[in-house]
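Note that chain A is present in both complexes that follow, paired respectively with chain B and with chain C.
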Partner chain A sequence: MTLYLQSLKMHFKSLLEYKSSFIIGFLSQFLVFFTYYFIIIALFDKFDNVKGFTLYEVLLTFAIIQFGYAFNEVFARGIDKFDRLIINGSFDLLLLRPQKILLQVLCSEINYIKLSRLLQAIIVLIIAIVNLNLDWNIYKIITLILMLISSIIIFLAIFLLMASYCFLTVQGLEVRNVFTDGGKNLAQYPIGIFNKYFVIIFTFIIPYAFVNYYPLLFILGRLENKILIFSPLVVLLYLFISFKTFKWGMKKYTSTGS
Partner chain B sequence: MSFINVENISKTFKVAQRKSGLKATLKSFFKRKYFYIEAVKNISFQIEKGDIVGYIGPNGAGKSTTIKMLSGILLPDQGKIEINNMIPALDRQKYVANIGVVFGQRSQLWWDLPALDSFDLLKNIYKLKDDQYQKTIQELIGLLELDNIVQIPVRQLSLGQRMRCEIAASLIHNPSILFLDEPTIGLDATSKQIVRNFIKRINKERKTTIILTTHDMNDIEALAKRIILIGKGQVLYDGTIKHLKQKYGNYCNVIVTTKNILKTTNKKGIISKEKITDGYIFKIDINQITVSEFLKYLATKVKVDDVEINNESIDDLIIKLYKEFEI
Partner chain C sequence: MSSYLSLFKIKFINNLQYRSAALAGILTQIFFGLVFIMVYIAFYTSNDNQGPIALSQLVTYLWLNQIFFTLVFIFQSEEQLLTMIRNGNIAYELCRPMNFYFKWFVTLYASRIAKVALRFLPVILLALILPSPYNLSLPYGIKEFIVFLLALLLSSLLATALSIIYHLLVFYLLDERGILTLLGVVGEIFSGLTIPIAFFPEFLKTIAYLLPFHYICDLPFRIYSGNISLSVALPNLIGGLIWLILFGLLGYMISKKMLKKAVIQGG
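Let's turn to the complex of A and B:
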């Protein structure tokens, strides 16, 4: 942990070497990603609801997914850009250090510019919550917190899975985008608005539904079953599988080389 | 049992075959043909603690692959590596705490920060104690003449300065083995000298075992008594430089300036004769004829105005070896 904190500090120091570039990058990202939200607002300008979900309900799920994704883009950038580590040979250098590989990969890159996206997600989240007029109780607050955490975990798991793939083909390939960007874009909406095949895919293959659909129904009071509070924890299983896959890939790497 | 034991290791890589051109690239996207490259074939050697060994060979001979296997990055397909009673690729975390590696073409320093920051991070990576770290760092800074250099962001350093920082970084944890993969590549004479002296000193004072790959034969001559020559993935020669010279000829070039014309030379030990504008270049084998004997002989034939004697460099010797083994 101290190692990771020290890396955070060093990445920040590196960043300060290019101050203006950081500020411009931060602001432009901040503005660009607001277009995402504008699209939703424009959509709801025409329609009151989509399959029974209102504007602020959609913004809530949207913000939760963006939050988890942006969090990983900032703090787990090394895993996100793992193919680069393999291609330029930096991964070999990590193998020469007496530390856990995954920790070192995490330390290898921090993308502070994407903090803009994280900040944005938090702002939208707050706007959505304020406007939803829900009667909050302790269960719902716990559910919301678990949703945010599981959103972070699921993207970490997906990034890890994609990183494992790099061990085999060296390149991250576009398959990853089906999972991350494509999946994310769909999962930003309450999954119930899609047809049932998507619900099945997002329940059993990439468990986005456990992050922002089943618990959402509980928060909105549409389902009462208290077991849904803990439904986001399903993603831990997913993380475990991803982690094992990564380990397996690494073993493969040392025995085949690049 | 030696300190480093390498027994019959082999490593084969699978490489995608692809012809040039867009069409072929597209084709290979769907269907790839692979061929196999035997980077290392049946290499064995032993190295004792405290030795400096030069590991040489032409490009693509398998040097880097061997270094990667020795440093635990790759696992050999066949054979066994045992270093300090550990198997590098399998006991990775424990093993690498005790080695230092410098890849001349790859940096372990943070590009935008002063080297000192990178050293601090390494201190935590290797979990070093504060006082011990400070002592080592001061010593390294002194020996490698890095006083002001470590305060400057790495990207603003010259290549020689950066390389010295790299070497310091690889020794912060006082490793018992140091792998240097082309440490003097692209350096000027002064930097090379500092690096060489430093390597010698570290080896002497800390008894660090050093394995050095390089294309600069002066490095080898200055540092290593023993060389292992590999080509096409196999060991071609393993022994001292002195022995190599005796075995493959110890030649000397003698440039003689004279106005006279020399018709025949039939003395034993003269390998070749070449006419130049104002004299001749002789190549003699000093195992068979000493320079003074040769000059005495020459003086009986022509009037010698000037003489210049050059020892055949180890470069020439290596080229000869490459030719002999057809690599």
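Let's turn to the complex of A and C:
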């Protein structure tokens, strides 16, 4: 952990060398990600609900997924870009060092520019919550916090799974976009608005629905069952499986030998 | 001229090699197509008031967006050119007996055509056989289809002309991220790729139709589905052609000026 903090500090220092580039990058990213919200706002300009969900309810769903994704893009960038390590052979270097592999991968890259996206997700989250007029109680607050955490975990797990795949193919998994970007695009909306087959896939195969749909229904008061408070924790199981797969992949790893 | 043709052929064949990338692209396009369509269908079915475009036309528009994405998406970066600009190898380009601008125009255009050639067929076939309301409709009529093809040709050329300017600007900025990301997003939104222009709030719609970007997605895809009549479409095509010539000239001039002033970084 201290090592990770050290590397956070180091990456931050190297960033300060290019201040203006960082500021421009930060601002432009901030505006770029506004376009994601633009779709929602434009649609709600013409319509007033989608399958009974209102603008701010959809924004809440949206912000939670963006939060988790952005968090990983900042702090787990190394895993996201894992295929590069394998392709150019620098993964062998990590194997030689007396530190945990995953920790080293995490330390290898940190992308502070994407903090703008995280910030934006938080702003949208606050706007949504303020405008929703829900009667908050302790259960709902716990649910919300668990949703945010599970959103981080699910993307970490997916990144890990994709990284494990690199061990076998020695190249980036190009269909990964379907799972990360595509899944993210889908989970930005309450999953219930989609076709039932999609709901099944994204409940049981990639459990996005447990991150921001079933608990959302509880927060909005559509479902009362208290077991839903802990439904985001399903993603822990998913993380466990991904972690095991990664370990298994590492055993199978043969270097590209450069 | 013939040298440009053979260059086009080489680059085209070269790009055809990336089949696994194309397969991934196909899957991504189908998935995104379905997701977007389901979102719009959910909106349409849960509201009494109808949206600004008929649903079947909208679905067709969204499929065309996915199918021709690689052809019309403006800011596809060509790593080879960017690297050359950054590391100074661009100096070698000055030794070649080919015009710099046209060489890269042909190269970039060939890569677009090859990418779309590898991907479009499976997606179109699947989109056509899907059950209603998820399906891609057939073109509104033969005439519309022909004009659509012309508009698509224009749109792909315009997208290439814009993307070359984007690449050349890296020569001045040495870091294409930041401000250029922003331009990319403006282009993407105002071409109607993110969401059809019909869904824009009124004032943005006015801006969108003043900018050149709407010739890239909005115009061809709406011609296909019969959302705009041919009598409106044809003057629009001429407008697009004028923009194409303007951006072509602009890019050409920038490339001339740039190579004249070239300060090679390292080497």
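Details
In the analysis below, the second predicted complex is superposed on the first by the 253 of 258 C-alpha atoms of A that agree within 3 Å, B and C clash if a C-alpha of one lies under 4 Å from a C-alpha of the other, contacts with A are read in each partner's own complex, and residues count from 1 in each chain.
As a convention for this text, a residue touches a chain if its C-beta (ideal position, glycine included) is under 8 Å from a C-beta of that chain, and two chains touch if they have at least 3 such contacts.
Predicted, not measured: the structure shown is a model, and the values here were computed from it.
Of the two partner chains, chain C is the only one touched by A:F194; chain B is not. Touch criterion met: A:S28 reaches chain C, while chain B stays clear of it. In the superposition on chain A, A:F38 makes contact with chain C only, not with chain B.
The partner of chain A that touches more of its residues, comparing chain B with chain C, is C. In the superposition on chain A, A:F204 makes contact with neither chain B nor chain C.
On the chain A side of its complex with chain C, the touching residues are 21, 24-25, 28-29, 31-32, 35, 38-39, 42-43, 45-52, 174-175, 177-178, 181-182, 185-186, 189, 193-195, 198.
Across the complex, chain A meets chain B through its residues 2-3, 6-7, 10, 13-14, 17-18, 89-90, 92-93, 95-100, 254-257. Residues 11, 13-14, 65, 68, 71-75, 77, 89, 92-94, 96-97, 99, 101, 103, 106, 108, 110-113, 117, 120-121, 124-127, 153 of chain B touch chain A in their complex. Chain C meets chain A in the complex at residues 20-21, 23-25, 27-28, 31-32, 34-35, 38-40, 42-43, 46-47, 49, 51-52, 175, 177-179, 181-182, 185, 188-189, 194-195, 199-201.
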